[in-house]
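Next up, some structures in structure tokens.
Here chain A shows up in two complexes: once beside chain B, once beside chain C.
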Partner chain A sequence: MKNFARTKKKFYFMSKGLEYFFTITIIFLLNFFLPRLMPGDPFAYLSGTSVSSDLAVTLDSKTEALLRAYYGIDQPFWQQFWHYCQNLLQGNLGYAYYFKAPVAQLIAERLPWSLLLIVSSILLASLLGIGAGVFSAWKRGTRWDKGFWAFFLSLRSVPTFFLGTLILLFFSFQLNFFPLFGAYSVETIASAPWARCQDILWHLALPVLTLTLAEITGKYLLTRGAMLDTLQEDYILFARARGLSEKRIMYGHALPNALLPVVTQIALRLGMAASGMIYVETIFGYPGMGKLMQEALAVRDFQLLQGVFLITSMMVLLMNFFLDIFYAYLDPRVEVR
Partner chain B sequence: MVKVKKILIGLLLAFIVCLTLNNLPNLEAKQGVKQTAVLKLAGEDYGYPSPYAFYQRGPGYCRMSLLFDTLVWKDEKGLTPWLANKYSQANNGKQWTFQLNPQAKWHDGKALTAQDVVFTFNYMKKHPHSWFSREIGAVEKVESKGKYIVVFHLKNSYAPFLNNVAASIPILPQHIWSKVSDPLKYTASDSVVGSGPFKLVKYDKPSGLYIYQANKNYFKGKVKVNKLVFLQTGQPLLALTKGEIDGFEPNIDQVKVLEKNKKIKVIEGSGFWVYRLLFNLNEQPFNQVQFRQAVAYALNLPDIVNRAMHGGASPGKAGYISPHLTGWYNPNTASYPYNTAKAKKILDSMGYRDTNKDGIREKPNGQKLSFEMVAFQDGQEAELIKGMLKKVGIEVKIKALEKSAHDSLIANGQYQLAINGHGGIGGDPVFLNQLIPNAKSKNHSNDMFKDPEYMKLAEKQVKTTDYAQRKKIVHRMQIILAKEVPTISLYYRQTYFAYRPGKVEGWFFTPGGVGTGIPTHFNKAVFVERK
Partner chain C sequence: MSKLGNLGITILLFFVLIAIFAPLLTPYLPNAFSGQPLENPSAQHLLGTNGAGQDIFSQLIYGTRVSLLIGIFVSLLATLFGGFLGLAAGYYGGCCDRFLMRFLDIFLTIPHLPLMLLLAAYFPPVLTTTIAVLVLFSWPPEAKLVRAQVLSLKKREYLEAARLAGAKNTYLFYRYLLPDLAPLLISQIILRSSWAVLAESGLAFLGLGDPTIKSWGMVLKEAISYEAIYFTPAWQWWLLPPGLCITLLIFSFTFLGHALEEKFNPTLKEVA
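Up next, the complex of A and B:
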């Protein structure tokens, strides 16, 4: 019996491992080939020779051939793919054509800003959203519930870029409480770490507020819905019959069960953090992955695109993996025996 | 209820405290004025400003030009000596001699000599640069005669030499670059050691931040700004209004807002940027000049300028060259003022009539006069053109594409009609030659203009170094373009610069553009008290 259980466990992990392996392979292939299937020539942008460029420069064919060879974009796709695989096996994400820097460096410079912004916003939105969701479910049908419901739904119907602009106009431009743009001020570059930290947090406030407001409704609605479902379960009725306090029923019995879909959503959203948040980055002039990805796409910097896609997809997979493990703890039904 | 009241009072108090804090004098800012002058301009990331690593965009070149000098430069009046004190030509423009300013020094204190100039051109021949290599191709040999005299020997007379080579190509320090074998990837700190008015202190790619410090020993004169900063702002209009930056390039709608602000000045210049309609000259009926003329009559250019550009442009000219390029523009060419009756008459005479009365003309073989037009995703131009051509019985189906896809279709000649916008129509009129196929370049598709006389003149203008003679040729080329209408210039975009007066004065738009023709208010000459 013990042997059987072990074999079953082994089989489970092998099948999961295979599943991840196939997913990674498919992602890897898509990341490489998808950008290259789009019309558009990366050379036109890295050399400034596109028909709609600033100076409409034309190049002699000899220089063009030399430069194309230098960047390796004269080779057929399969050869470029082979080089990409070779590089990747050595931990090298390649060299961005247009941005003229190693892909790993470009990502490493921006990823921390995106993670700082998005992770803090999602955590904040989750805390507030779950809190409000539980409260709403608890007070279902009352004025509080209706008020919360109306507030969060109205919040969701405001587009993020509009919301961000309003927040910027009010808190920064009118009231002067927060900086207008950027992730830090030029004056504090050489300051002590603590002052630098304060400055960075100060700059982070409005972008986080905007993103939190953009994310909160989803968490609220999901928590409220899941809580309402859970509260109708028989064991809650039984808990009530046992005379347990409302607080204990809410937090001890209903919330842990209602939290599953919410945690899934949060984890998946965190996985997408590496792709940045383009609206917020644009409004607040905040550095991040969103704008980098958009620019890389516009100038057809395939090396950078595949690097960004790879990191994003790996993060999503990683979060999935954590979820797989986390579920086993959170939900006894998923336990592997 | 009491609790709620307490919370409300607390919030109100916090709000008032914040307001008071906000009203405290800004000590830091006051101290800043007393210390060194800092000029903050809004911008984006345009790459590491070394001669090989900047992004191949106008502002990228300008960031680099703060660190590196050229033999000749352009100020508000046009070409002016820079690294070279004097220059002269001989042998019908095939030989150019430059006498360098012996005061010129590299940022590390070493003297800038003729050897550096010779090295630069030899180095760039060996290590291709997408902006400079084509121009360097005209140079046969560069030699030094003594410490400060350089002589250029050209393969043929090359009229754009001064503008496109001497005033565009940065001179590199031999003692640094001679050790660099892969310049496109070289970004060590000495890669930005130049001879220019500024030294680079900091560059941060993700936030588009550049900090430049004045070069105290600049040979051209005192540098007016101690610290020059470029910042990426999300909302430059708000940042300028609030005083967090000192200048930015607004679009026409922002200009209209800023004009009401008395603390801010706006200057205007030509963008040397054209928005034009392209015909695939290889296809019927675009290969017929009357048809192209009919289209030209059907387009109401002032209306396009007003509606699509809100007035921030000037209507296109049939001779392609913008009136802002004063030295070369020919006002006496054929023109096509908006006239639908004339357009209809021409189309009728060509046998394109609306036989089935559906509002769209038919070709004599019964086919509809209907075409696909490649356009950008944004902008109203395509819709306006569609409406205008419909009025004369031509149907246009818009194929709106993302920029890269759009560019790629045009570059490969895969279109019937197309709208394209690009810069590069300032500087030397050699850009007129880009309308015809170039044997040396891959970049020529079947859609290009192949008028034999025009092609001959194109070849001739490059070799004619005498201004008056060349002007005649360039004028003739415009007359041909206006008559043949291989493309229709819809409008020339204007460009603006808004700034807070008091910090740096004397901003100007460089005639013909900086370098080979970058339209900008941003010219390093503004920052130098020239002797």
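Up next, the complex of A and C:
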């Protein structure tokens, strides 16, 4: 039996490890091949030969050739790939030609804000969504359950960018409760840590509220579905036959098992939270990765765009990884050393 | 069907009628410069005009066509393509199936919107770009769903019996698999349409739509781009209506899709 558990655990970590390896490889390959297989290149855009170019200043052909040589776009494919790998290993993501700074530096400035936003939103949404899901499954078939279900599905019908715009409009512009944009006020940078902390939380409130509302429905539906499935199991019937209280059955017996598929699904849907993050940061002018991506998009800074894609994907994968560990911890069948 | 399902189908029909009879409902074309810039609502311009003097009400009316067409087009293509691959993978199984499924799992973990933005940025901002990107990203979940369904259908005994009687694969497909898959495909087409409408307006909102085709997302984006939108009452007739239109359409798709799912899939009845 013990031997079996060990093989199973080994298998779990190996298959997970392989999956991560392939995912990272595919992201790297996408990031390398996309710009090279696409019609035109960054310089085609800058030189005005690309269709989507609407720049006032364009490059002449001599400068273009010079730039191509400088960025190594004139080299053979495999050589470019070699350089690409080398650069990645050194943490060099290229140079953002519009923002005139290394991509890695721009991203490093923005990453902490995005992490703060996305982690707190997902935690909050999971907590509230799971709570509401358990409650709904508990009161299944009643008015409460139906009301919750209809409410959360309606909530999901509001597009994130519209929801964010409305929240910004009412709380910041009409009521003046919250700041209009940014992650902190400039005047508090030098103030005491506690005041600074308050200021940051005050700026974080509305973006987190929006992203939480955008994320909560998925968690609610997952939990409700998983709970309803679990409640059909025989051991629940047995628990009920033993005369345990409904509360104890819900939280002590059904929830631990229902949580497993929920955690898996939350991990799978992290990528969607990254989408929400782009909208939310754009609307609230929150200086994270999503805002950076939107800024890079507006000026078609492709080096930066790719860097942001790469790091955002890695961020999502990393959170995925933590959830996988959490899953192994939750599921006693997968032992963690 | 449930009350919410009925509400969903009513709203959807309402929008379909608006889309069909758009030219009768408004005297202006969405791109026509029919008034002064930034007019307030009046009898001539029910929702005022935008910064270029175009009638916002007309843009919403014609935008219904754009949103509905994108929704239907993307969902049909995605369901056809994804459904076909899922069917083949589930039916034949084997190494190709396993490879495809692993690939789809990996593809689904990569955050979609950043990749969509990256792709869309390389192509000229026309409607075909948007549709192509949306189709590219929407077939994998369809393929997975259909595959799972096919796997359970495959084990049915009547299928086995038909095969023993000498039925060919194509016959089995048309006679047995497709009718059994149809309910799933129909509710998927509806839920996928809702996703496509949402994604299109999202891309437009982030500046990756066709500026000459006024979808609801594009109207919303233009409203947001107007600097004084939050400071003047203009948000009431410029920002709110397109957002509400998108919300209502998604709402109707969502509840209709769920109602159909429930109707066709009796095992779901207690759950939903």
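As a convention for this text, the second predicted complex is superposed on the first by the 229 of 337 C-alpha atoms of A that agree within 3 Å, B and C clash if a C-alpha of one lies under 4 Å from a C-alpha of the other, contacts with A are read in each partner's own complex, and residues count from 1 in each chain.
Assume contacts are C-beta pairs under 8 Å (C-beta built on N, C-alpha and C of every residue); 3 or more make two chains touch, one makes a residue touch a chain.
Just so you know, these numbers come straight off a predicted model, no measurement behind them.
Touching A:Thr282, do we find chain B (first), chain C (second), both, or neither?
Both chain B and chain C are touched by A:Thr282.
Figure out whether A:Pro159 sits in contact with chain B (first) or chain C (second), or with both, or with neither.
second
Check whether A:Ala239 is in contact with chain B, with chain C, with both or with neither, and answer first, second, both or neither.
So A:Ala239 meets neither chain B nor chain C here.
Examine A:Leu268 and indicate which partner it touches, taking first as chain B and second as chain C; both and neither are also allowed.
The second partner, chain C, only.
With the two structures laid over each other on chain A, which partner does A:Ser313 touch: chain B (first), chain C (second), both, or neither?
After superposing on A, A:Ser313 lies in contact with chain C but is clear of chain B.
Regarding the shared-chain residue A:Ala298, is it in contact with chain B (first), chain C (second), both, or neither?
Touch status of A:Ala298: both partners.
Give one of first, second, both or neither to describe whether A:Tyr70 is in contact with chain B, with chain C, with both, or with none.
first
After superposition on the shared chain, which partner residues are touched by A:Phe173: those of chain B (first), chain C (second), both, or neither?
both
Please identify the positions on chain A that touch both chain B and chain C, taking each partner from its own complex.
38-40, 51-52, 165, 168-169, 173, 282, 298, 300.
Enumerate the contact residues on chain B facing chain A in the complex.
18-19, 22, 28, 40, 47-48, 53, 55-58, 128, 130-131, 133-134, 137, 184-185, 187, 202, 205-209, 211, 229, 231-235, 238-239, 241-242, 244, 376, 402-411, 420-425, 431, 434, 438, 440-443, 516-518
Give every residue of chain A touching chain B within the complex, in rising order.
38-41, 44-64, 66-67, 70, 95, 98-101, 106, 109-110, 113, 165, 168-169, 172-173, 175-177, 180-184, 186-187, 189, 281-288, 292, 298-300
What residues on chain A touch chain C, complex-wise?
19, 22-23, 26-27, 30, 34-35, 38-40, 51-52, 140-141, 149-150, 153-154, 156-162, 165-166, 168-169, 173, 225, 228, 268, 270-272, 274-275, 278-279, 282, 293-294, 297-298, 300, 302, 305-306, 308-309, 312-313, 316-317, 320
If you look only at chain C, which of its residues touch chain A in the complex?
Those in contact with chain A are residues 4, 102, 105-115, 117-119, 121-125, 198, 201-202, 205-208, 220, 224, 230-231, 235, 239, 243, 246-248, 250-251, 254-255, 258, 270-272.
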